[in-house]
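What follows is subunit A paired twice: with subunit B in the first complex and subunit C in the second.
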Partner chain A sequence: MAVQPEVEKKSILRAVTDAADDVFTRITAGIPAAEVRRMLRGEAPGRPNPRLKPHSEAFLLHIKPTYYHESVTKFTHTFRLGLISTYLFFLETITGLILMIWYAPTPERAYTDMIRLLSNVPFGQLMRDLHRLGAELMVVAVTLHMVRTYLTGSYKAPRQFTWFTGVILLVLTLFLSFSGYLLPWDQLAYWAVTIGTSMAEAVPPKVVGETINLLARGAPDIGANGLMRFYLLHVLFLPLVLFLFFFVHYYKVVHFGISLPSDEEEVGQDTANKVPADRRVYFLPDVFIDESALLIFITALIVAATALFFTAPLESIANPQSTPLHTVAPWYFYWLQGLLKIADKSIAGVYIPGILLVLLMGIPYLDRNPSRRGRDRRVAIISGVVAGIVIIILSWMGTPYYAVQGAPAVEIVQELMPEEGMGPVREMGYAHLPIGVYDTRTNLESGDAEFDEVLHEFSVAIEEFGKTDKSFNEPYGIVTVSQEQPQLKRITWDIFWLSPDGKEETYKRIFFVHENALYWEQYGLKDFSYVRPPQPAEGK
Partner chain B sequence: MKRPWYRFLYVRSPLAKIGLAMLALLGSIALLLVMGILETPRMEAQTLNFEGRSIQNGAAAFANNCASCHGVDGKGLTGVAPALHSKYFFTQRLKDLEYTGSLHDYVKLTVAAGRPSMKKSQWAQMMPTWGQRYGGPFRDDQVEDVTQFVLNWEEDALVQTAETDPWQPFQNAPTVDIFAGGGAVEAAPTPVATGPRPPQELFVAMACVGCHNIDQPQTDSNKGPIGPNMANLYETAGTRVAGQDGKTYIHTSIINPTALVVAGYNPVMPADFATKMSEEEINSLVDWILDPNRQR
Partner chain C sequence: MADKLADLSPEEKEKRIADMKAKMQASAQKTKAVPGAAAPPASAAKAEPVVAASAATTATAAVVVAATPPEAKAAGAPTSNGAATNGAAAAVALAPSVGNGEPVIVVETPEQQAKKAMNRREFLTYAWGGALALLAVEAGVGTFFFMYPRFKAGEFGGSFVVGPEASLPPTDAAPSPFVAGKFWLVNVAEEGPKALYMVCTHLGCLYKWAQSNNRFECPCHGSKFDREGYYIEGPAPRSLDTFLVTVDAGMVTVDTGKKTLGEPAVDSPARAVPV
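For the complex of A and B:
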């Protein structure tokens, strides 16, 4: 554009503001500044609507509908769970990419990379915690999204295929979360994934199951090959597949429109795409502002929750030789672990989940009832609620509280000083372990109030088990705390009891506690103790 | 239309929505700034934490694998393995060896690769290979943990005096007496006995424990690697040599170890026990070894 004739025609000021408006319009993909001002004031658009232009000009907006039915924009209709799931996927991609900078998927490096990330990378712990929390929230959001769709009957014609892709996205989300579980290469990761992949082994016939297991683990046991496979699944394959199915899913959502509240249309009809002009809510600016404000708000919530409350667990380095007591799957697979406790491996691990998955995908075709109204679908809603309750009960059965109880002595020590994680003794820490020998029959005074409480707990637990367990007679315990090295104490738990035939039995467990040791429950801002100046170590 | 109870949550004005979002954004930026200030102490605490955790893990590995030769407190066992919890070890050992690397590297290498074949050594056993890289059982991180644990004795060791330093000089290496201004010292001082010592103590102090396992039975499928296991010795001792009861057999084996070496073992047991223990002590040790209900 020639500048001179432009300036001659208008005044210079006018020419500059016009040019600025031109640039602004390019950035907003077609909306001039004056129109943005009218949007912010809440004024109605003129005719023809100048706010539709970005939908045809901007790539990111061309997939969004230009307007929605007023009834579906209410927060409580969809809770925007699909949007939230998508957002969490992008949050995971960004934090995951950042984490990849400091990570190498080999058994020699993976765990030390975690330590380096936590102790040498500014905001490294925040990134890790965000990624972990985001992953768990994504599982929650996707599941709730499915529950909402089920309860409003939105899977019915014509949206059967949308539901089908949704189920695939749910499965992909679970697999994504699960495949990321192994990457820190700690005990929690290693054994949860060992349990998970061993289920694949139960696929009949035997040769198929073993082959699947071998393909997933890369060797009979998880090792360098298994880690590399899970890493590639996690960072490349599963995200790509999920990305593909996300767009299929979202295209179907836009194509059919979000189903209206069931009371607003006749049974059997689908009027989501026939929105009367007076009930249209345009994406720009109303829905756009709602969605962005919601996402910013959620981001702030997640950042605050991560900074102040949430810590991603990190146990000690993976050790194929030692299975920690009470190994558990990730919480969203507790129900499967619960099933495995009561049924055979191939039934609980393969047939039931397989049938469930097929049932879930087939729901739109099995449910021939055309009505989406709650009072017309009592059977569907009640069976859904029952299924939910069953899953919750099975999940509870999957936790260590159900049906796995070790020997009394093992459980008593595990309660006070678990093999992994913190426990009450490590929570008190080095300073509250007075050196001495404490016998539950005689000496329960250590001079330290907090340690006395632990001793009391110890003796009460021994007494309780002594009363209830017939193979655990006349038990007593001895706790020995000694100085092993500067800043390092040794704590020995000895439990003695008589077996039913009067033989003396013992159980011994030795732990070491270093003055500076923290456990993952204590990382980050949850415990401000590290902000204090270091106190002079005692016992030197 | 019915108005729900939570209608106070509704925000209608677009400007108010944008304002609230901006507030949330500012809030999280402020939180991140506060975190940024606390990141340095957090990372320092984490660095110390993982050093401490490494020492903890090393302590457990040492107790399970190293303490039987180097002693529970790292002060070594006479004739079995040298002390590590020793002022000499921390101050002079590398100089005597003319080793120019750091003590950390020295310990780590020795743990990982072992100390293969020492000719003319006074030690009953050579240092085995521990690192997986050299065919042992420890992963790299475990080798590092044990090294960290051994080096953590430094503070305690440096205040040792000539009397408390448990170092036993190597017979085949030149050494310097760090407590007496640099003169050479005699190897392996003989401990002075003060009255009969209990057999439990003797079994450790005489370093029997380094080669003989008294908790494991000696069977065809479960043989002690250096010396025979002793858990079932009270049954088998009387059957080894025709016409000799168990007591005589054990007694002879202690004072003259090369006389009755069990087939399949090398004659590596030290022959000087008669000079280190009184007759009374040897007899109590024999009784204790042969006692099926022995007390540790």
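For the complex of A and C:
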């Protein structure tokens, strides 16, 4: 571009602005500044129309469709769940990369790295909680996306392979979430993953299952090798595979187009890609602005929820010698844990999930009904709803309240002051633990309203178990709160009862609560009351 | 005019193309003659200008190509609702009655464009863009603080408490090493304690204290420094670097995060004069 003749033809200002516009057009792959302005104003494109150029000339937009059918841009048609799932994966990648700065996957360091992140790194807790919340939301989003696709029958011909890759993506998402679960190296992580890999061990034939288990753990038990392998899975291998399958999936989605609402087409027709000119909504600028606005809104919501409400849990450090009471799988595997409680390890852990997975993948190939309309698919929809209900019931069965009850005394104390986690007593806090000895046989008045509630719960639970459990007769309990050190209180739970043959039995547990320990309620409003304004020095 | 161009026979095709060309030239001339006039709704589909020109006059994909400033403002308001009405509403609002329905293509000049005032949609988009940019900046700043190393007391880069002032060695004693903090502590008469960085200022080796010669000597290239860290001889460019030493309420603290470079070797008071 010869400068001198340009400057001579027009003024130097025009030459510079034209050059700037030229650079701008190159960066935007064909859209000059004036056209951007027209797009933002909602005006028609200039002539010739450059708005499709970024799709054909630039890399980033080449997979995005240039236009959508008007009917599929309606929010309630897809709820944009596919977009939301992809965005959450992107969010997880970013927060994950950031967290990697302060985390090393060795048992000697992992837990202290978590503590350091949460207490000594600026924005460390925010990043960790964002990563955790994003992971849980991503599992929810991909599941809802699958449910929506099922209910609108969008998996039918010609989109069967898209559904297939989608199921693979679902499995990858669950594995990603599960492999990340181990990394904090606390009791919750360690034992949940031990259960998971033991399920892998149950894959028949025996030699295959045991080999899979050893490969995953790197040793007979989960230790340094296992942590490293899960870290590599979580950080490298699974994201890469998910990336690959995502692009196959999305390419197919664009190739066939998003299926229209079923009442806009004839049964068996698929005109998703033959959009008449008057029903087109172009990506630039309309759908682009729409998608951006949605993602901005979701980001704001997630960050606000994390900052104000959500705290990811961290239990005590992993102890391979001791499995805590009420050990649970992550919530999206509750259904699996429920199954494990009612059936043999192989059947419940391997065969049933395996068959379910194969069935899920095979739905589009088994479903011969060409209609996407609800009224023509009653069987499919009802069986989908029934499947959902079954999963929910199995999930409830996976919680500790079903069929894993220990001895009454153990359960009573676990309810009020669990081995891992918070519970009502720690929630109350140090200030609400008045020193004294409290016996359930006598009147329970401690002077503190909240502690009285706990005492009441304690005596009610003892009574209930006393009535229902034959081996737990004439029970009573004593709670002792004493000052162990200037800022440390000791709480002793003693439960006494008579066994069926009249012998006196006891159960004792001791816990400590420190004044500065902060047990924030996981899903409640965060308690910032510990932050006191600086007190003026009073000649202390 | 319902047939697509591709369906016509070659002669008809040529005739059609000639027709359209003539029409386009006529309308271009018309617009040139009346540059300020509002354009009637032109019918054109997006990516196929040739075929589009033959579409019906009242095609629903009405595209208004240009508008003079007053009409632009009017167009701005109706188009601020509904992403799907990609310009169709603008066409409706504009509909001035040049009802011969001929396709007119008007291109606005850059001056006309630049003069258009911001409409609501544009303003809001800029506002959102600004908010997003602010978020990006905040995220960047947050990430920076997240990533910045945290210096702990007792770790190199942080502060080391040496001890009470009274426990300092006498002013003629040998320097004492503090390996974790990477400094030698030497008590200088009339100056107080000095913390010398253990790394030689030449190329980074750790020099040693040679008791017999009462000086520091670097084993790598032979740089020599006196007890107080001043350069004596050797290839080193400057005297030893020092860390900030503070005496706070009787306690001596060395801050290994605050390093002062040694003075250039040429200015060193202990410099050996060549014989």
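We take it that the second predicted complex is superposed on the first by the 522 of 540 C-alpha atoms of A that agree within 3 Å, B and C clash if a C-alpha of one lies under 4 Å from a C-alpha of the other, contacts with A are read in each partner's own complex, and residues count from 1 in each chain.
In the analysis below, a residue touches a chain if its C-beta (ideal position, glycine included) is under 8 Å from a C-beta of that chain, and two chains touch if they have at least 3 such contacts.
Since the structure is predicted, the reported quantities are computational estimates derived from the model, not experimental observations.
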| item | value |
| --- | --- |
| Contacts of A:A34 with subunit B and subunit C, given as first, second, both or neither | second |
| First, second, both or neither for A:L88, with subunit B first and subunit C second | neither |
| Touching partner for A:R47 - first (subunit B), second (subunit C), both, neither | second |
| First, second, both or neither for A:L133, with subunit B first and subunit C second | neither |
| First, second, both or neither for A:L169, with subunit B first and subunit C second | neither |
| Touching partner for A:I296 - first (subunit B), second (subunit C), both, neither | both |
| First (subunit B), second (subunit C), both or neither touched by A:F123 | both |
| Subunit B versus subunit C as contact partner of A:I510, first or second or both or neither | first |
| Partner chain in contact with A:V281 - subunit B first, subunit C second, else both or neither | second |
| Residues on subunit A lying within both footprints (that of subunit B and that of subunit C) | 40-42, 120-123, 126, 286, 289-290, 293, 296, 299 |
| Subunit C-facing residues of subunit A, complex | 34, 37, 40-49, 51-52, 70, 73, 98, 101, 120-124, 126-127, 277-278, 280-282, 286-287, 289-290, 293, 296, 299 |
| Touch list for subunit B against partner subunit A, complex | 4, 13-15, 17-18, 20-21, 24-25, 27-28, 31-32, 35-36, 38-39, 41-53, 55-57, 59-60, 63, 139-141, 149, 152-153, 155-156 |
| Complex interface listing, subunit A residues touching subunit B | 39-42, 76, 108, 111-112, 115, 118-123, 125-126, 285-286, 289-290, 292-293, 296-297, 299-301, 303-304, 307, 316-317, 484-488, 490, 510-518, 523-525, 530-531, 540 |
| Interface residues, subunit C side, partner subunit A - complex | 45-47, 49, 59-61, 63-65, 67, 72, 75-76, 79-80, 83-84, 86-87, 90, 105, 107-108, 110, 113, 116, 119, 121-122, 125-126, 128, 132, 135, 142-143, 145-148, 150 |
